[in-house]
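What follows is a set of structures to go through.
Two complexes, one shared chain (chain A), two partners (chain B, chain C).
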Partner chain A sequence: MLKFGRRILLIYRKDLQDELRSTDHLLSTLVFGTMLVFVFSFALELADVGTEQIFPAVLWVSIFFMSVLALQRSFAKEREYGALDALLLASGERSVLFYAKFLFSLTVLLLLELVVVPLLWIFLDVGVGSASLWFFLAAVLAGSWGLAAVGTLLNGITVQLPGARLLFPILAFPLLIPLLMGAILCTQGALSGQVQAVLGWFYLLLVFDLLFTVLPLLLFDYILEG
Partner chain B sequence: MKDALKSPFFWGFTLLMLLALSVIVYYAPVERTMGLVQKVFYFHVASAWVGLVAHTVVFAASILYLWKRSGGSDRLARASAEIGTVFISCTLLTGPLWAYPIWNTWWTWDPRLTTTLVLWFMYAAYIALHGGGASEARKRLAAVYGIICFINVPLVFFSTRWWRSIHPVVISSEGIALTPKMRVAMFVSVGVFSVLYFYLLRLRMKSLELQERVRHLKAQLLA
Partner chain C sequence: MAAKNVLTVRNLRKQLGAKEILKGISFQAASGELVAVTGPNGAGKTTLLRLIAGLMPPSGGEVLWNGARLGLEHRLVGYVSHQPMLYGSLSVQENLAFFGGMYGTLSQDRLQELLELVGLWRYRLEPAAVLSRGMQQRLAIARALMGEPALLLYDEPFTSLDVDGRQILRGILEHRRPRALQLLITHELEHLAGLPFREIRLEAGRIVPGGDASA
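For the complex of A and B:
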């Protein structure tokens, strides 16, 4: 049997290759994300709202909505082609499968954000004067990490139930409330350049990420059973 | 319903509820500054208490289900989640009734309020996921989700508390900030609501068991 890390990497590479070869899902998610940015920015402009203050909230709500589409892919293909059992046999421990799918989800989410975040930044015309760019990137990464972890965990649940696509956001959003708070407050701190004041919230994000990265070690066996 | 009228539990419980109501209405004094509206407190706290107990039971029963795979623990978790959600709804409805005259707003993002609302959403999601336990997979997956939810609750509470808090703290490590008569009324109310929880739990578990038996019999007939 191959080593734990090696098995994770193999499955991760397979998924990423597969996703990049048939880009239709990735592209439609991207179009959905950019459309969200457009709709939000335009609506805020119409309502004449101060965009700089509202940027962190709009950013994370957009990422949340986009992740509903982006994070429901991890087990979808195996399900469609009935390959889940074979993959379970090949991967050994269930947690191998979780970490591979988690890395895949995180990669997809970051790829999408690479386009959507700068776009929102431009549309809302947020100044970069006192912003701490490094902290901003760290906040986006930490937030996406937690989103991908919770998303992969719950996708393992919803993929087993017929017609449960709608269930995914209902299950995910209440769990993600601490992450939403941390991510928005950190983004706010990064924009105003007051990193010290929100450092506690960054630690909260890290605790959340850690919790939902370790918890699947215990629980994923029960999710993907039989 | 006919059976319920014949049961001594039903009549015993009705008496208890009347007792609690009269303690709340006649025995507990009217609060000096808040007036009559403060009496909603006895319902508010008692239903919040039952909500928390119910959700702890969901957590314990979910672990038990994953471990033993017994139908009883699944029914316990499901019934408790339903009853807990009803009581949490009562908490969320009675709160604003008091808050509007006292805080001058129906809702505020205080840690207790936010956590209670998130709790409500999580257990509504739990019930949707469980879906009556139509398959073994649903029971198992709902149990996993029930465990995750319980672990998430303190995280939600402490992060919102860190952010801001204006909710009155009546019971703290320094004691209970109530006059003796009010304290009696609160404990009576909490006690009677707890009895109500167990009474409903028993009824609901029974009905879930019957549902499962009907489903089983139908499958046998069709086979």
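For the complex of A and C:
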């Protein structure tokens, strides 16, 4: 178990080091996310819509689009020089790769959200009056966790296929519908301070996260078999 | 004297779609042997090596190591492929250190020893992406040796190596002989001249009659 965890951390650290060294992709995704914030705030200003009602949907649409860009990268480095085989031989278990890539994707997503969520909050001029900030953070974390888990799983499925970049969003969207619904409703509940009313959705998010975090332990060996 | 490790390939078959790539390959080899797998393009050589490495599941038959099923979980295979199987943005040294860490065999001495062996010590701080293809191949060989594998699989390892590189690889094949079983795909047996080896010749997914011989 210790070796399993150590290998996960080694791959995670290597990926993070690599991503932070060549920041092109992280920055371009961040610029894309920031542009989304500006476009949404501009469009909603013109449409004269109550931003507090629409904020949860705008937030999760932005996070979803950013995640499609960010998560597709998790196996990109392995594709470049055919390192996937060497990594599999050194990992011993394919699920080691899933958990390392999942942690990496979650970290990247949270880093992006650290910038984009406050920006969106400010630009849409959302009040904090009755909001439950802790529940808001919990909803963002649970939603991001699910996005990263499903994204990594789908990346594992598509990594060895031609047209992976096209397949990924097509496969991701239907799978993520329950997660996005739960995340949007939980965010709405957090903003209005009506946490009790959306607790059921929050539990659904947790079950979704648990399912897509544990399932790869059983499935990833088959998924990555050539 | 330590007991020899034995690789047994028994009736190994692989079907990809409608095409049967391997049609029942069987042979046995032990540590200390250098086995050259030869044959024309499309004979199934690379598929055979990938199946032995555990990188793809067979459609039938089995690969055994000392009588037990050989799988990825044993982590005893070193593999040199057509592709360098490296991380372009990591330096030469970081690449080896990463794989050494994964195998639990990392030490500064070991790292230096391997980089000197393949003649890359002075390039250790260069990103792997800026190396020539031949140098990437040398690094790939060092990477494959990092885990002290008992089974070494080389898929056309002489490709893109210069004269020095070929000499280095011949030295490695000779030096690793007592400790490992080495299987090597090559189209040019003259690279192995002077080394005792056994040839297994494949054609259309089968070992050709009389195609398993010692040179």
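Just so it is clear, the second predicted complex is superposed on the first by the 223 of 226 C-alpha atoms of A that agree within 3 Å, B and C clash if a C-alpha of one lies under 4 Å from a C-alpha of the other, contacts with A are read in each partner's own complex, and residues count from 1 in each chain.
Basically, contacts are C-beta pairs under 8 Å (C-beta built on N, C-alpha and C of every residue); 3 or more make two chains touch, one makes a residue touch a chain.
What you see is a predicted model, and the numbers here were worked out from it, not measured in a lab.
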item	value
Which superposed partner A:S22 touches (first chain B, second chain C, both, neither)	second
Partner chain(s) touched by A:I223 [first = chain B, second = chain C, both, neither]	first
Contacts of A:I177 with chain B and chain C, given as first, second, both or neither	first
Which of chain B and chain C A:L46 touches, first, second, both or neither	neither
First, second, both or neither for A:Q160, with chain B first and chain C second	first
Contacts of A:L204 with chain B and chain C, given as first, second, both or neither	first
Chain A positions touched by chain B in one structure and by chain C in the second	225
Interface residues, chain A side, partner chain B - complex	153-154, 157, 160-161, 164, 167, 170-171, 173-175, 177-178, 181-182, 185, 200, 204, 207-208, 211, 215, 219, 222-223, 225
Of all residues in chain B, those that touch chain A in their complex	66, 114, 118, 121-122, 124-125, 128-129, 131, 137-138, 140-141, 143-145, 147-149, 151-152, 155-156, 159-160, 162-163
Footprint of chain A on chain C - complex, ascending	50, 53-57, 72-75, 77-79, 81-90, 98-99, 101-104, 128, 136, 143-144, 147
Partner chain C, residues of chain A touching it in the complex	3, 7, 10-11, 14, 17-18, 21-22, 77, 80-94, 225-226
